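Below you'll find the structure I mean.
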Amino acid sequence: MNPALLEVKGLCKDFGGLRAVDGVDFQIREGEIFSILGPNGSGKTTIFNLITGFHPATGGKIFFGGEEITNLKPYAVARKGIARTFQLTVVFGRDTVFDNLVVGHRLRVKAGLLGTIFGSRRAREEERACRDKAEEVLEFTGLTRDRNKIAGSLTQEAQKRLSIGMALATNPRLLLLDEPTGGVNFKEISNLVALIERIKKKGITVCLIEHKMKVAMELPDRVLVLNYGRKITEGVPREVSQDKRVIEAYLGKSYAA
Amino acid sequence: MSLFIQQVLNGIMLGSVYSLVALGLTLEYGILHIPNFTHGALYMAGAYATFLLATSAGLNFWVAMVISMMALALIGIVMERLVYRPLMLESPLSSFIAAIGMIFIFVDGALYLFGPDFKRFPPVHTQVVQVLGTTITLQRIIIILVTVTLIVLLHLFIKKTLVGATIEATAQDMEGARLMGINVKRVRMMVFALGTALAAAAASLIAPIHLVHPGMGGPVILKAFVIIILGGMGSIPGAIIGGFLLGLVESLSGGYISTAYHEVFSFGVLVTVLAIRPTGLFGGK
Amino acid sequence: MMKRLIVLLLILLAFAIPFFVTSRFYLHILIMCCIWGMAATSMNLIMGYTGQVNLAHGAFFGIGAYSAGLLILKLGLNFWPALILACAITAAFGFFIGILALRTKGSYFAIGTMCFNVIVTVIIDSWEELTEGARGLLGIPRPAPIPLLFGGQIAFTSMPSYYYLVLISLLLTLLVIYRIVHSMMGRSFMAIRGNEELAESIGINSMRTKLLSFLISTVFAGLAGVLYASYIGFLSPEISDYHITFEFLIFCMIGGLGTLGGPLIGAFLLTVVSELLHGVAVPRLVAYGFLLVITIIFLRGGIVGGAQMLWLKVSGRGER
C-alpha cells in the first residue's frame, strides 16, 4: 500500500450559517487516481477550494507529503505541488495556447528583477526551461496543432485540455480535476479519460470530482462519497457502489432497501 | 457648547447633502456595476443650471431647482444611452475611462464658459433662527428638510411602487430581470435620470452656501465615493448612514482639527477601512 | 527583424534632431514629450500590463519632483545624488502606498489610489514649512555639469543638452520596461491582468507581483518628475494633482494601453497638439475629453491597437 500523499482530517467549512463541509476525513495515496463523488451541493468543490487555499477552513487539518498545508494561500499550495482545474473552465482567454502553458511553469523559476533587466544567463535559462516545459505539455495534451491559437477561441473540450495542461506545467505531485468531463460529449470523454490515465502513468497522483457514473466508477482506484458535507464512505469503487448508504444518498431510501 | 451644537447641525446639513449625492451614485452603481465617476461633474452642472435660471432668467429658486433637476435627468439619460450603453459588455475599465473623459468635457467646458471664479448665489432664505441655543440660518434648516423629504420619497418610490421594484430587480440581476420581462433598457435610463436629478438637487441646495465654481464637483464626488465604499456600493441605507456620518465627522473635525487637513482625515479613514476590509464596511462582493 | 530596424532608425533620428531643429520652441516641445512619455510609459506597466487601474501616478511624479527640488534647494545636494535619492524616496512612498492599496481590487483600488493622490497633493499644498505650499518651489537649477576624463565637461544649461538627457532617460525607461515585459516576470504581470485567481492557482504570488509592478512604475514616474523639476525650475502642488494623473491616463488610452509604444505615441501626439494649439480658443481639456470618449467607444486599443488590427486585416492573418 502506497503512503498517503494527501491527508485530510476533520475538515470543516462554514459559510455564514451553512455548514458546507462537516468533519471530513480521507486520504489520497501516492500514485493513485482518487475520486470524490456526491450529489450536488455535497461539498465536493468546497473541499478542493479548502485544500488549495481558496477558502480558509473553519476547522480541521490538511497534510501534504507529511507537511501541514492548512490555510496556506493558493500560490503557496501550488508551489508545494498541488495543481487544480476549475469546474467552470478558466484559461487566459486572450493569450495563445502556448503562452498559457509557458506561464504555467513560472512558479518554478526565480525571475529576479536584476536578472530580467540585464538579461542574465540565468534569466535566459529560466525562460528556456519554461518554454521547453510548455512544448512538452503541448504534446502530452495533444494541443501541438493549436499552439498559436487564441485560447478563448478553442472548443470547450480543448480548453479543458489546456487548463489541465496549465496545471501540469506547474510540475505538480497531486492534480485536482474539478469535473473534467463536464459539458463534453461521448467521444471527447474517452479522450479525456485517456489523458488522465497518461497522467497517472507519469507518476502524478490525481484526484477527480466527477458526476458521470461511468467515469467516476471505472477510472479511479478509490473513491470518497459525500452527502450534505459529510463523508458517507471511502473505498474501492466496487464496494462503494454497493454500499446501502451511497445508494440512499443518490436514489433515496426506497432503492437502498 | 453652542459651538458644538452648531457644528453638529452643520454636520447634519452637510451630511444630508452628501447622502443625496451618495444615493444617486449608489443607485447608478447598482445598475452600472462600476462607480459613475462623472456624477461629480453632473452635480456641478446642476448647480450652474440652477444658478443660470435663478439669475439670468430671474426664476424663483425652487422653480429653478426643479427645472435644473429635469434638465440634468435628461443629460443623464443621454449619457447612459450614448456612452455607457455601448460599453456595457466591455471591461469596467472602459466605462471608467469614458467617465473620466466626460468629466473633462463638463468641468473644463464650465471653466471655459463661466470662468474659474466662484459665483455668488442670490440670497434665498437668510432669516436667522434660534435652535437649541445657537443661531442658524433658515437656509440650512430648509436644506435638511428638503433632503430628508427627498430621501424618504425615494425610499417609498423604490420599496412601494412597481417601478421601484423593477429597479431593485435589475440592480440585483440584470439577466434575470430581463428574462422576467422587465424592460432593462428603460430601467437603466430611469435610474440614471433619478441619480443625476438627485445630484442636481443636492448641488442646488448647497449652492447658496458654498458658492458655485467649476471644480465644486471634485471634492464632493470623492467624498461620495468614500461614503459608498464605507457603506457598501449599491447599498441605499449605507449611502444614507454613511453620508450623515461623513458630514458629522467633517464638520466636527473641521471645527476642532485644522480645516486644511480635514480632507486628508476623511480620506485617511477611507484608506484605513479599505486596508482592513478591502470590500468596504458593508460590501458584499 | 523589420521592426528592430525601424526602431533603430527612429532612435538615430531622435539623436539627430538637435542638429537640424534649433528653434527653442520645438526643442521645448520635444523635451516635454520625453518627460510625459516616460511618465505615461511607466504608468502603462501597472495599468496596461498588470491590469490594475492606478490613479495615484501623478502623486509619484510630484513626489519625485519635489524630493529632488527640496534635496537640491534645502539640503544643497548636487543634482546627481539628488536624482538617485529622489527616486529612492518615490520608491519608498510607492512601497507604503502599494502595500495598503493593493489589498483592494478593481474599482476599490482605483478609488483608493485616487484618494492617496489627493492626500499627497493636499499635504504638499499645506505643509508650507517643508514645501513652500502654494507659493511653489522656485529656482531649481539645471543638473551640475559632469566632468569628463580628458578635461572639459558636459553641461546641461542649453536646450539640446537637456534634450539629450531626457532622451537618454526615456530610452532607458523604455529598455527596462521592454525587458520586463518580454520576460517571465512580464508574463506574471500579464497573467494577473488576465485572471488574478487563475494566476494564483498556478503559483503566482499576486500581492508580491502587483507590488513589484507598482514599485517599478513609481520609480520611473519619480524619475520623470525629477527631470521635470530641473528643466522647468519651478514646482507647485498642481504637478502632483489628479488632473496630471488623468492626463497620463489619456496619453496611455489614446496611444494604446498594454502596448509598448502606445503611451509614448499618445504622449507625443497630445503634447505636440496641445502646445501647438496653445493660443487657440478651444479649451484643450474639453477636446481631450471628447477624444477620450470617442477613442474608448470606437477604438479600444488606442492608436497602436487600431494599427495592429488594421495590420492583421491587411496581412490576411485575421481571416478564419
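Labels A, B and C are assigned to the chains in the order they are written; within every chain, residues are numbered from 1.
By definition in this document, contacts are C-beta pairs under 8 Å (C-beta built on N, C-alpha and C of every residue); 3 or more make two chains touch, one makes a residue touch a chain.
Keep in mind that this is a model prediction, so the values were computed, not measured.
Enquirer: Please flag the chain sitting at the greatest distance from chain B, going by CA centroids.
Expert: A
Enquirer: Comparing chain centres built from Cα atoms against the global Cα centre, which chain wins on proximity?
Expert: Centroid comparison flags C as closest.
Enquirer: If you tally contacting C-beta pairs, which comes out ahead, A-C or B-C? Let me know.
Expert: Counting C-beta pairs in contact for B-C and A-C gives the edge to B-C.
Enquirer: Express in whole angstrom the distance between the two chain centres, defined as the mean CA positions of chain A and chain B.
Expert: Here chain A and chain B have centroids separated by 48 Å.
Enquirer: Rounded to a whole Å, what is the gap between the Cα centroids of chain B and chain C?
Expert: Roughly 33 Å, centre to centre.
Enquirer: From the mean C-alpha coordinate of chain A to that of chain C, what's the distance rounded to whole Å?
Expert: Going by mean C-alpha positions, chain A sits 42 Å from chain C.
Enquirer: State the interface residues of chain A toward chain C in the complex, per the touch definition above.
Expert: That would be residues 52, 54, 73-76, 78-79, 83-84, 86, 90-95, 99, 102-104, 106-109, 111, 113, 116-117, 119, 123, 126-127, 130, 166-167, 169-170 of chain A.
Enquirer: Under the definition above, what is the set of chain C residues touching chain A in their complex?
Expert: 176, 179-180, 183-188, 190-191, 194-195, 197-206, 212, 216
Enquirer: Using the touch rule from the top, collect the residues of chain C that touch chain B in their complex.
Expert: Residues in contact with chain B: 53, 100-101, 103-108, 110-112, 114-116, 118-119, 122-123, 125-126, 246, 249-250, 253, 283-286, 288-293, 296-297, 300.
Enquirer: Which chain B residues qualify as touching chain C in the complex?
Expert: Interface residues on chain B, with respect to chain C: 34-35, 83, 86-87, 90, 92-94, 96-98, 100-109, 111-112, 222, 225-226, 229, 233, 260-261, 263-264, 267-268, 270-271, 274-275, 278-280.
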